[in-house]
Structure formats: C-alpha cells, structure tokens
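Letters A, B, C and D mark the chains as written, and numbering starts fresh at 1 in each.
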Amino acid sequence: MSKTIPTIAIIGLGYWGPNLLRNFAGLDECHVKYGCDKNKERLLRFQKQYPSVTFTTNADDIWNDPEVDGVVIATPTSAHFELAKAALKAGKHVLVEKPMTATSKEGKVLVDLAKKQKKHLLVDHTFAYTSSVFKINDLIKDHALGKLLYFDSTRINLGIIQKDTNVIWDLAVHDLSILNSFVDFADITEIFAHGSAHYGKHIEIGHLHLKFKTGFYAHIHVSWLSPVKIRHTILGGTKAMVLFDDTEPSEKIRVYDKGIDHDDTKPDPFFPKYRSGDVLIPALDSTEALLREARHFVACISGKEKPIVPGELGRQMVRILELSDESLKKNAPIKIKSL
Amino acid sequence: MSKTIPTIAIIGLGYWGPNLLRNFAGLDECHVKYGCDKNKERLLRFQKQYPSVTFTTNADDIWNDPEVDGVVIATPTSAHFELAKAALKAGKHVLVEKPMTATSKEGKVLVDLAKKQKKHLLVDHTFAYTSSVFKINDLIKDHALGKLLYFDSTRINLGIIQKDTNVIWDLAVHDLSILNSFVDFADITEIFAHGSAHYGKHIEIGHLHLKFKTGFYAHIHVSWLSPVKIRHTILGGTKAMVLFDDTEPSEKIRVYDKGIDHDDTKPDPFFPKYRSGDVLIPALDSTEALLREARHFVACISGKEKPIVPGELGRQMVRILELSDESLKKNAPIKIKSL
Amino acid sequence: MSKTIPTIAIIGLGYWGPNLLRNFAGLDECHVKYGCDKNKERLLRFQKQYPSVTFTTNADDIWNDPEVDGVVIATPTSAHFELAKAALKAGKHVLVEKPMTATSKEGKVLVDLAKKQKKHLLVDHTFAYTSSVFKINDLIKDHALGKLLYFDSTRINLGIIQKDTNVIWDLAVHDLSILNSFVDFADITEIFAHGSAHYGKHIEIGHLHLKFKTGFYAHIHVSWLSPVKIRHTILGGTKAMVLFDDTEPSEKIRVYDKGIDHDDTKPDPFFPKYRSGDVLIPALDSTEALLREARHFVACISGKEKPIVPGELGRQMVRILELSDESLKKNAPIKIKSL
Amino acid sequence: MSKTIPTIAIIGLGYWGPNLLRNFAGLDECHVKYGCDKNKERLLRFQKQYPSVTFTTNADDIWNDPEVDGVVIATPTSAHFELAKAALKAGKHVLVEKPMTATSKEGKVLVDLAKKQKKHLLVDHTFAYTSSVFKINDLIKDHALGKLLYFDSTRINLGIIQKDTNVIWDLAVHDLSILNSFVDFADITEIFAHGSAHYGKHIEIGHLHLKFKTGFYAHIHVSWLSPVKIRHTILGGTKAMVLFDDTEPSEKIRVYDKGIDHDDTKPDPFFPKYRSGDVLIPALDSTEALLREARHFVACISGKEKPIVPGELGRQMVRILELSDESLKKNAPIKIKSL
C-alpha cells in the first residue's frame, strides 16, 4: 500500500528546506518519510510540527531505505554534488536546489549518472514554476509574441552584500531561470559580464550580456546597491512584448500589442510602421510556485510528467555563471561554441 | 543704446530652432535680431509671428553685422562645424545644438578657435539646464550624497528607428549630458558599448559602460524597441542616492537616505550596516530648461556667468560616442588615457 | 460657393475661446468668418495669427450676416443666455460653453427657442467628446459592462479657491458630463450634496450623491484642498467595471473583468461567486476632444450628425447644480420627480 | 515568581485569535497561561504548537484562576459583552476585539464596570497601533500639520458581501479607528450615512460624513464592489497634509508641504497664496501593529502605560455605527449633542 504514492525524503532544513518540506508534506499525492539535517535542535523542532515524518542526521538512512523514491536536496551548494551523487547511486530521483553544483564539471557527472541510472534529476529553478512564467510560455506557444527578439531584466535593490560570491551568482540566477524558460541556452554564442565593486572584493553591480545564434539578445542587470527595488523583465517579440513586474502584487504580467511592422505599401526593403495597440493584463493562477514544483517532481517520479528543469539546464546555468566569471576576469566577451 | 543688451541671431529653424527662437525672443535681457534658415516658406511663417526680427536665408548677413553678439546654431549636425567656425571667426559667441560636431576632431578645432578668439562656445546639452539636474547638483555641492559611486540610466521606449545612426548616438547623448553634470569625463578610463540590431543595420538596443579612475561606474541603457517608456536615472553615493524619473509630471527627483555603512563596533575591516531612512521629494523650480539656458547664454555674453557646458564638454561627448562606435566594432572595451 | 461648407463665428476669446478658435480654424469642413470679443487688444493679437478672420467687438455683425451658420459662445457664464438667445433668434446654430446658462429657467427658454427656430443648440461638455468616454460608450453599447450599477468619481487637487462659486459648480460639472454620457439624468430621483468650507464662504470639499430610479447610484467627490491630484472615475457594471484615470498620459482606461455572479449550483436565492479575470487597457484614438467636438458641431449644422450634447442636457446639468445648492442649504437630500 | 510578569488568557481562537496568541506567546514580558475556544479540535491543534499553554473549552477556568491578570477576547461580536463582563467581574484586565460590543448600551455597561473594578478595558482597534498612525500622531504632536481641517478615507475593493451587516460596519470601522487616533469623537455634531445595495439587502457601497464642532470634516468611502483595491487616507492640515496609502509595501506615508496661506501683503481679508513644497516619505518602524498592541496591553496591566484605545473609544465607535444605521434608515443627517 505504501507504494501507491511516491515516498519523499528532504535533506537540508536550513533556509529554504522548510518551505520544501511544508509543500511536499501538504501534498496528497506523495508521502514524506524523512527529513534530514546535521542540526539536531532543528530536527527536534520539526519533529513536533511533523510527527509522522522520521527526522535523522544520517543520510544513509535514506539511501538504505528502498521505500524512498525521491530525494530533495536543499543543503548549502558545496554539499549538493556528493549528496545528489549518493542519492542517484542509491536509485533515487533527485530534486536539487540551485545552483545545482559548485562547478559545471560536477554538474556533468550528475547528468551522466542520472542518465545511466535512468532516474530523474531536477533542479529547483523556482521562477520556472511561477504562474507568470507559465503564462508567458503559453503566449509563446500560442505564437502571440511572434519571433522572440530580446530579453531585458533588471533585478536591483539594497541587498545583502555577499562576501564569498558576486551579485551575478547571487541574483542573476533568477533572471537566467526565467530566460531559460523561453529560449534555449544551447544557442548562446557569446557571454559578456561587466560590473563594479564599491565595498567588497566581488562586483556588487553587474551586467550580463548574452548573444544567441538566432539573433536573440539578452541583458541582465543586477545590483545590491540600488535605493529602489526593481524587478522588471521585458521579453520582446515581433508580434507583442511582455513586461513581467514581480513587485506587483497581482498584475505581474502586461502584454503589449506594440512593435514595428514593415509597411508593405512602400517599395523600401524596410519601411517601419509603428504599432501601439491594447495592453492586456491576464489574470494569473494563484498556485504557489513551490507547490506546483513539488507536484511536478512527484508527477515525474510517477511517470506522469517530463522534467521542466532537468539536470542539463542546471549544468548549463552553472556553466554560464562560470563563463561570466571568466569574462569579468578577462574584461572581454567570451565566445562559445557550446555550453 | 542698442548695445545695452546683447543681440542674438538664430540659425536653423527646423525642429528645435523654433523653441530656441521662442525662448530668446521672450527674454528682456537680449534682443533677437536675426532668424536664418534655407527654407523661405518657413521664414515667411516666422516673419508673421516675430515681426521685429529680420529673417534671412543668408548667414553672411549675420557674420557681417557687428551688432550681433551671439549666434545660436540649430541646423542639422553636419552643418554645425562650418557655421560655428564662421561665427567664431566673425567674433561672435556661439551656442550650438548637440552633438556639437560630427567628429571630435572638428570639435577640437572649434574649442581652440573659441579660445583664440576669446569668445564663448557653448553646447546645448539641454538636460544640464533642467531643474532636476540643478537640484541634484545642489545636493552634490552640499555633500548630501557623499562620495559618488555609480550612475545607472535607462531611456527606453518604442522609438523611431533612425536609418543613419545607432540608438546610442540618438538617445544616450541625453544621459551623457546628465552624467556630465555630476562627474568629470576626463576621468574616464574605459568605454564599452554593446547592443543588438533587429530591424536595421545599426544597433536599436544599446548599453554603454564607462569606468572612471575614481572607481565611479556608469551604465546607460537605451532602446527603440521597448513596449514601455522608462526614463530612470539613479545616482548612487555613499551618503544618499537619487532617483531621477523624467516621466513623472512633477515629482521627478527622489532622494533616498539609503546605503551601506561600516559598523564601527565590529573588528572586521568591513562589516556592513544597511541604512534605510526617509525619502525626500524636493519641490523643483518650474523654470523651463531652455529658458534657463537662453538666459545663461546671454549672461555669459554679458560676462555675468561662466559657461556650464563649454565647447570642451561638447567635444568630449562626441569623442565618447566615437569610442562607443569603436567598441561596438571591436566588440571589446576600449581603454583610454585621455578623451 | 461660400455655402459649400458651414460658416462659423466665435464669441468670447478669453480663457477657453482661443482653443475653440484654433480647432475650428484648423478644420477643412468649415470656415471661420468672425471672432468677437470686447477686448480690442486681444482682437489685435488674434488678427495677426488669423489674418483671414474678421475680428469685431460688435456681435451684431454676426447676427446680421446671413452667411454665418453657427455661433460658438465662450464668454463668461453670465453672458451666455443673452448671446445664445440672440444667435438663435438670428437663425444660427449654437454651441455654448458650460454651464450653458446661469439658471435652469434660462436654459429652458433656450431649449424651447432652439426647437421653435429648428436650430441646433449644443453645449460644450468637453469630456463627452474625449476618446476615453467614447471608448466606454462603445463598451456599454456592446453590452460588455452588463447592467450599470454605480458611478464613483474623484476629482481632487490643490485648486484655486473660487470666490463666487463652490467646488461642485467648479469641478463636478466635469464628472457630471462624463456621467451623463452613460446614464439618463431624467432617471434621477434624489440629489444630496454635502461638504465643508475651511477658507472661504462656499464649500471647498464637496460630495454629490445621486440616486436613479433604475437603482443606479452615483457619487462625485471634488476638492480644492487635496495635496494630491486624483482623477479617478469608476463605472461599475454587472459584467465588467471600468476605471478611467485621467492623470495617466496614455493608459487612461482599464476594463476589469471583475464582479459578482450568482452561483447557480446553490439553492440560495443569492449565493455570490466572485469573478476576477483579465484587465484590458484599450488603445485610444489620439484625436483631441475639442477637435472632435468642433467637427461634430459642423456635422450637426450640415445635417450629418445629431447633437451628442443637446441643450436639454445642458439645462439638466444646470438644474442638478441648482438642486445641489438647495440640498446644501437644507442639509438634506432633495427628492425629485423630474429635473 | 509567577507574578513578576503578567499572566494572560486568550478566548476565541477562530479567525483573529491565533494572531493574538502568536504575538502574546512571543513576548518575554508576559506569560500566556490559557487558550480557550469551544472547538475541541482547534484546541488540540494549538496544544501541539504551544505545549506550555493550557487549552480549555471552559472560560470558568480562567475566571477562577487568580494568577490570570489579563484576558484577550477574540470571539464573534455577539459573545464579547458577556465574556468581557465576566472577566471584569473576576478582576481581570480586558482587551476585546472590535467592535467592542453589539450595542453601545452594552458598551456603556462595560466601561462603567471597568471603572468600578479599577481594571483596564482596551479595544483592539489594530490600526491605532500601526507605525503609520504612530508617525502621523508624532507629526500632529510636533505641530507639523497645523490646524487639522479634514479627513478623507477610501477603502474599496472587490470584497466579500456580508449577509448580516452593511459595508460601513464591515470596513469603515478601520477608517474610524484611524480617524479616532487624530481627533476626538466627542466633538462630532452630525453623522450622515449614504450608500447603495445592488446584490443584497444591506448597502454594499457606503459613505459616512462626520461634522465636528471644531469645523473638522470627515468623509469615509467604503465599498465591496470596486474593481480596484484602494486604501487612501488623507489628513489635511493648514501647515501640511498627509497621505496614508496602506497598499504601499513600505512607503505608506507621504507628508506634503502643501496648502493655502493668507498673503499678508494684501488688504483683502483672505487673499490665498498656494504653497507647494517638498514631499517627505518618512521611514517607518517595522514593528508589527499587533505585537505593539500586545506589548501595550501588558504594559497597561503592569501600570507602565495608559490605554491608547480605552473602552470609551470602543463604545463611541459602536455608537457612531448605530447612528450611521439610523441615518441610513431616515435618509437624513443625524444631529447629535453627545455620542
């Protein structure tokens, strides 16, 4: 009977893990059997809230339990690789926090291992599961935006300056996981990162420019030093353009019937005609992204869905961040043949 | 008696010239004697509106009239150099539309000539005369912003795609003339331009990154392909940060008491303490920028004021635009020793 | 030949008249023959700008000229009645500034006279000619809003305190002319006005509540004492609701697919189901309201259109303002059988 | 030892009670001994979360325990009176949810009883404890606003239509508790309520107009039928005006140096001079209102603070709501000598 629905274990209950635990525990379509963390006090606290879950400091309990189908890893990044590897080797499906691994090489190892083990490896790019991104994807699939031209994303605020990483690793990952929902990272031909450090050693204001072989152009601007909080993402297409403003409580998406058409009555090879029509603010499904993601992981385990953010995307993301570091170091654009 | 107030001539009455004519004609402290344009019909029209002004198609009338003290040039850019040169040679003070010249070499010739002739050469960087920029300059002079750290400016809209120039030449000039009011272009050490073209041959989305030897960092983002009109300029300092939003009808400037201080109670060389205080929206003088600029030119002629935007700034601006073209061509940052 | 297009005369060239003159003079479909005002200097100034128009201080020139088809009256309110009466008696069509007359009795006289003379009497309720109001009317005609439920309008700012009138006469006229485009004033059953005076003798903050026999409810809030400028008009219907925000530069109208439906699956006589769908911001025709109105007056003269705002509406508006004064005086709602 | 800090009991753990429980339980300066509710399942749930609290269905346990100093009542309104009366009789201090009682007569009984028992009776007008209202009160005390002139509050949204009460009882209580923080309800001379019902029996759109003997004027607009959520409260004074926008995540208060002064250079008894200066957005203390209120109740019990919202205010609030019902019924303003 226990096997009618998948069994889940969650490792890492610090900052983000409790949110994952809460969402998986709330699902009818799975059973959370284990919670795991090195901190014993923390485990005691959760034990009270989730009396039916087994809390342990020893991950081996999970690897050794054949009942466990899926493992969710939300530890610090440095531990992702070894835990995910162990989980896959033990024949478990894996959902791992972002960034998937500390290096893209480790990412490659995990992707290959998952393939070999015929298990799913998913990455928690939460934005990919938001109603906003789902809605924009619907528009793309319905050809409502036409050919995609550019992506421009601004994510700035007065933010906590990280001592061990730069603002691109901290913030641009969110924009990249949005971007990745719309275009294929495999098409990237050039990466350029630029920025400035004013208080610490790593850049606190950052810009990431990506060129694609399709002509698509992406720019991401992130900052820890802005007096205002802005989260503006524009996706421009030939037929319509979308503004995603994540600071809006409900009207997050605006679809503009705006753009430039060729005036066919003119002999000129390109005689622009400017179009400025209605704006639509679509109603969005109120499902929480993390709940949708938890359901999706369970559905992948059950064979009902295919991973939206498979391990390969997680690896590509890490690779882009590595290349942005390389670009910053060389102060030059990096041309790439493949990620 | 005619010489108690300066006498002005205006050349070029197409798009922007009529605004200059209107403002100078409205001043009590000068006398507009000539209006000049190649288009005769246009002149007839203005003659009715300004019966006391002499309208002519021949600029020589102006050079040869010893009564004329100052010449305002608002023709297409290609004609700026020859007209400004002739005016300076005829011993007139000059206010010329931006960009000052088509090349920085021509700019250098004008700057040197003005010096030799001991005449003022001013450039119409209109933003430098706005109440918003004046107010920010007051804050800087009062040390209210602390040490300046960065400038970040976004000027995007669905704009007319120019066939003969790129979006940086078209739009970033405005941001540069704002930036130039706060920091010294002579401190620039590196220029990098990036962007993409989707409809024509020249970039339609552009980014300009400037590094300064003081550690100051500037980024300007311009676009003709945005569905939304944004004109956001942030100037970040160690003591306060300013947001200048030119789309606001009256509340254009917001001063944020926000930033990062060192927590002196901590032994660490840098232990950040985040400050988030009041926001002030200062009332702004309602004087039109162009009126202020007209008055300023007249006051410079009368020896009462010193040029806010002298020819050398105009030359530097053109040089930056040239270097941005070079950077785009090389797809690499351009290091510079001097502009 | 002169009679192929209507001939127009404009009386009153103070504050608003010049706008009317500019718009009528710009039309190909009419000919402006006269401009009339008591102020001779003013006339001289306009003569220069409009050399082909005859400017006069004597309105008799207009009454006596059989070529004149339509007269536009933009004098102070106190003069409207006598001028409009004279114009109608002289067989001219009339467009008169709002409020149409100082009293509703005078309004009645004009309406009857126009009928007798078989001439059009139109009132310049400018808002009725805006693209925003036109768009909302299209939605109403297309049954997109369902049954209309309520109108709620806020028009507040730091405004000039009028010495001889209250804020309802000064500002609520605009909201009433918007309201009147959507519902029939003849259905009003009760008028209640309320407010307060803090500096002068007449109320400076005002509220006007109107009940209709259809169940429709209207509230208008006007103020000269607000620190913020708000121009929010909501029109609520059973199928959709519209927000008209006149301070927005282009996105003036928002159509909300929001409301309350009856849940038919429930036995209860009314079990509410809340609907919260998309928001649409329709693109608006950029035609200036006054230009549209000028064209409309000419088209009415030519027999091509029927008056959108006939004299009877102007009379009703004045009557509502009179009744609001009566309500203020009695500090009680005024029940009415007919306006 | 148990008596070094006050002991608290909380009755009613349905909708709002859990928030009170959480805040009181989190305080170091009090000890929560009892939680009480009729629903046993609910109590079991809370027992797990708060193992040190005694949960009971019998309020007598609380009345009979001499250790209990203060009782917090968050049951449905109909039960407030009997519970508060019992608590006061048992010698406990009381904090009761709003509205304090179902009728103002009951309110009077409680106020008198508290006085007799020498116990504090406080009402949970939560808005009175927000940082926004505290900040505005600071401005008033610092004479920054000058003489207060008017209060204008809009609280509209698509809201749940209540079957047993009208929108004024449901929503205007919030605006009244804000208003009451600034002016004295004892000065009210006239109450007028107006509105309309479109779906149910009770008004769904409501307006409440209050006149004060000081000349102060208050208007509150509430609605369940608005397509947009607006929470705008303006407090106008002779020296400055404040806008409180509760939908803003952090910039909730704007202080406008705007208003009308007398131009002393003019002989006229009132010659207005319009002032439009800076706008200040003060930083606000981030303390949660309910936490501040919990602390305040404990401090009142300990004799360290005086009630900010004593029972008499709660009674006045209920009386105003009763009078608004009377005004609606009579469709006329109600003049009052005392509340």
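Simple rule for what comes next: contacts are C-beta pairs under 8 Å (C-beta built on N, C-alpha and C of every residue); 3 or more make two chains touch, one makes a residue touch a chain.
These figures come from a predicted structure and were not determined experimentally.
**Q** Using the touch definition up top, find the fewest steps from chain A to chain C.
**A** Counted as steps through touching chains, the separation is 1.
**Q** Same or different, please, for the chain A to chain B contact, judged on whether over half of the interface numbers appear on both copies.
**A** same
**Q** Using mean CA coordinates as chain centres, what's the chain B-chain D distance in Å?
**A** Each chain's C-alpha centroid was found; their separation is 54 Å.
**Q** State, to the nearest whole Å, the distance from the C-alpha centre of chain B to the C-alpha centre of chain C.
**A** Chain centres of chain B and chain C, defined by C-alpha means, are spaced 44 Å apart.
**Q** Report the inter-chain centroid distance for chain A and chain B in whole angstrom, where each centroid is the mean of the CA atoms.
**A** Chain centroid spacing, chain A to chain B, equals 42 Å.
**Q** Give me the residues of chain A that touch two or more other chains.
**A** 276 - these are the residues of chain A that touch more than one other chain.
**Q** Under the definition above, what is the set of chain B residues touching chain D in their complex?
**A** Answer in residue numbers: 251, 257, 276-283.
**Q** Quick check: in the complex, which residue numbers of chain B touch chain A?
**A** Contacts found on chain B: 149-150, 152, 154, 158, 160-161, 192, 194-196, 198-200, 205, 207, 209, 211, 215, 217, 219, 221, 223, 225-228, 230, 232, 234, 236, 241-243, 254, 256, 258-260, 270, 272, 274, 276, 331-333.
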